[in-house]
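Below, subunit A partners subunit B and then partners subunit C, in two separate complexes.
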Partner chain A sequence: MLLVPCPHCGPRNASDLSYKGESHARPDPNSATAEEWRSYLYMEDNPAGWLRETWYCRSGCRRFFVLERDTATNEFRNPPVPGAKLGGKA
Partner chain B sequence: MTLFQSLRGSMKSNAVSRPPRYSAAGLLVKGVKQESWPRVWRDVPLKKSYDVVIVGGGVHGLATAYYLAANHGITNVAIVDKSYLGSGGSGRNTAIVRSNYLTPEGVAFYDRSLELYNSMAVDLNINVMFSERGHMTLAHTDSALRTMHWRAEVNKLQNIDSSVIDPAEVKKLAPSLDTSSDPRYPILGALYHPPGGTIRHDAVVWGYARAADHLGVEMHQKAEVLDILVEGGDGPDGKGSGGRVTGVRTNRGDISAPIVVNCTAGWATLISDMAGVKLPISTRPLQAAVTEPVKVFLPTVVVSGSLHVYVSQTDRGELVFGASVDPFNTYSVRGSLEFTEELAGHVLELMPGISRMRLLRQWAGLCDMTPDYSPVMGFTPVEGFFCDVGWGTYGFKAGPVSGEQMAECIATQQTPKLIEPFKLSRFSTGELVGEKGAAAVGH
Partner chain C sequence: MVDPNSVNPVFESPITSTNSGSAGTSIGTSADQAALTLADESSLTKTLIRAEPRTKAERQLDVVFGASRLVDGVVISGQRPSEWLVIGEANDVSTFVDRIDREGHVSLVDHTHSRAMMRLTGLDASRVLEKVCSLDWSSEMTPNGAVVSASVAKVGCDIVRNDTFRHGSALASSAPTEVIPPSYWIACDRSFAQYLFDAILDAGQEFGLLPA
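Our next item is the complex of A and B:
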């Protein structure tokens, strides 16, 4: 299937993770209008190309992270390498 | 008057009368003379303008064109498809039809579709192989059983034949199912819907295509829409809200048209983006698989939501399996081993007896999933740009009613009552039509 590059565990089978969908900035619930809030909840970019998306490493480190994937080819852009962060650089 | 015509006369239908096309005698004559059958629909050059351009030649686009011509006399219509007719979900689905949905809006809508399917063989003069074999949704948990009761009550109120049955009755209907208490998720009961069944999906596509062609509609295959032409919208490029459609740009040149209909299912977002209209849709593949043929032993369609699997047996004897959509968004239709492994495990929980059967094939098609598992139909903020999308994993059964209602919407410029609940604006007003409980696996 798909090997997802978890920034903490390294590449893991997609079935170890759970897909949380497109990653968008959340509007401020205190000031957002009902329409803005619903647009955040329901509307999707759904491109056939690069997409920023959230994954949850369900069977591994149990952390959420954002990755960039091409939805036409399923290739990941700049896949994170576990441990690289410890060196100070992301 | 032929038997066929007298039969037609007795059923309500809206098509012109045609003699049967294919017969055993015809086959014999053609065989002896070594002739081939004539082309079923015309292949004509693309014109520069039409009254209506429909993007997408699946069952929805074709049905919309057919009803525009048959019910409203609008025949200057072109369907453009980037591939061949039925190349999308319409040629890849598992052909299940039913109307036992969860919301009253959904039930009324899908019931009208079944009605149209019932007279389709006569209306379109094609054998669609409708097998009204019954549809059974198994419950393995108390909460699933509760949803079944809920659905049965909603259905009965609208005169849909639908009821909850116990494991003994399940066993009687489908003896191959393991109804003992041994499995990890024992069968506690089922929602049984006798009018559900299967229909040959290719025949539906070809039937609508041929009938629409007879009425003057043009079908253009390998004609890809590259842009939607919009003027006067509030976007920087003149697209979007407040604008109006003037035509489409294709790989074979520009076509002008005051009305453009988006019937592209899994690709719906890409087309509506071209008009500046945002949709609540994510594209996910749905996979299916088929086994080698064996003698007929499974008389109904069996669905298990908890086990994420459904199965029916074709007239040839193959078992057709489906599941829920793949776990992440993608436009790629590659199959996966995970799907097959998971499917096999779950199917064997239900029917341990088939463990030696071999899978012949698996495939995938793109599904346009919405947050509430209901479609998006009708007007958009761009004048003249219509949507008939959001068909997810359940759009085959909805083909006829969608075509009929979309045609009415376009011809009368008013939203028909039956599709009013499915308007795009429900996502800004929050009036969702939640069908997940009846549509997530049961297709």
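Our next item is the complex of A and C:
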């Protein structure tokens, strides 16, 4: 069982949450090129190591939050801050 | 707010508790275990209040996420950040809700008929919950008054541990030596209510859980 540290609810079973994937900074829609949009929408870094990612606490507080996980060990770090903005690669 | 006395107070519960899930092999029910009950309390009035931080309403409610308190016959439960469920008899909830300040970003929605609610009570109640929910139901983690939201038998539920509240009145504390059994309100969407009621009865069968 993967215990995900929700900033509101504390450690919760990952099955209580939805994984929303890698968190990348959204480019400015007024100035982004088509290539930048494509990269933002479809391209993943998928590293074996630290990754900044978004989770949704579906069964608990129903909040989105960002945290960092080592994809190789499933270790979490940097207790997430409620309401933190998405911010690119870890 | 609609005056509750001006409407026909008909409530139809989504739960039929007569066909209990306790059919089948009964395993050693002692007198104590028989006190483990699951009651349909869907008819209690449930009003959901959302209020932005730093509104007057938030200060009036005065309950943090994950906690609850009893005031004027209603239980205010901090269900989610900036979100409270007020539970009680219709008149009590109506009186309470009418006093809530509406200034700022505040909303009130009556969930009485959209949410079912059942009450699981008994010394083994936490052991029943442990079978169908992944949270820690020990009294250290979820003491009386604790509020959590979690999946119960795969249904999204809001749970309030509420050992003393009985339809608007606190249990008499005249018998200090008597152990007050843990009691949990479990609220879910109306359409899942019958399934959840039967699923909890099924999980509690080994502890002698009976519909109240």
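In this text, the second predicted complex is superposed on the first by the 78 of 90 C-alpha atoms of A that agree within 3 Å, B and C clash if a C-alpha of one lies under 4 Å from a C-alpha of the other, contacts with A are read in each partner's own complex, and residues count from 1 in each chain.
Note that in this section a contact is a pair of C-beta atoms (placed from the backbone, for glycine too) under 8 Å apart; a residue touches a chain by one contact, two chains touch by 3 or more.
Fair warning: this is a prediction, and the values are worked out from it, not measured in the lab.
Engineer: What is the contact status of A:Arg62 with respect to subunit B (first) and subunit C (second): first, second, both, or neither?
Structural biologist: second
Engineer: After superposition on the shared chain, which partner residues are touched by A:Arg77: those of subunit B (first), subunit C (second), both, or neither?
Structural biologist: neither
Engineer: Applying the touch criterion given at the start, work out whether A:Arg52 contacts subunit B, subunit C, both or neither, answering first, second, both or neither.
Structural biologist: neither
Engineer: Using the superposition on chain A described above, determine whether A:Ser15 touches subunit B (first), subunit C (second), both, or neither.
Structural biologist: Both: A:Ser15 reaches subunit B and subunit C.
Engineer: Does subunit A have more residues touched by subunit B or by subunit C?
Structural biologist: Partner with more touched residues of subunit A: B.
Engineer: Of the partners subunit B and subunit C, which touch A:His24 in the superposed model: first, second, both, neither?
Structural biologist: Neither partner.
Engineer: Touching subunit B in one complex and subunit C in the other: list those residues of subunit A.
Structural biologist: Correct list for subunit A: 1, 13, 15.
Engineer: Would you mind writing out the residues of subunit A in touch with subunit B in their complex?
Structural biologist: 1-2, 13-15, 18-19, 21-22, 34-35, 38-39, 41-48, 51, 53, 71-74
Engineer: Which stretch or stretches of subunit A touch subunit C in the complex?
Structural biologist: 1, 8-9, 12-13, 15-16, 58-63, 82
Engineer: Provide the residue numbers of subunit B that touch subunit A in the complex, in ascending order.
Structural biologist: 267, 269-270, 278-283, 327-332, 336-338, 371, 427-430
Engineer: Sort out for me which residues of subunit C touch subunit A in the complex.
Structural biologist: Per the touch definition, subunit C meets subunit A at residues 65-66, 80-81, 134-135, 148-151, 156.
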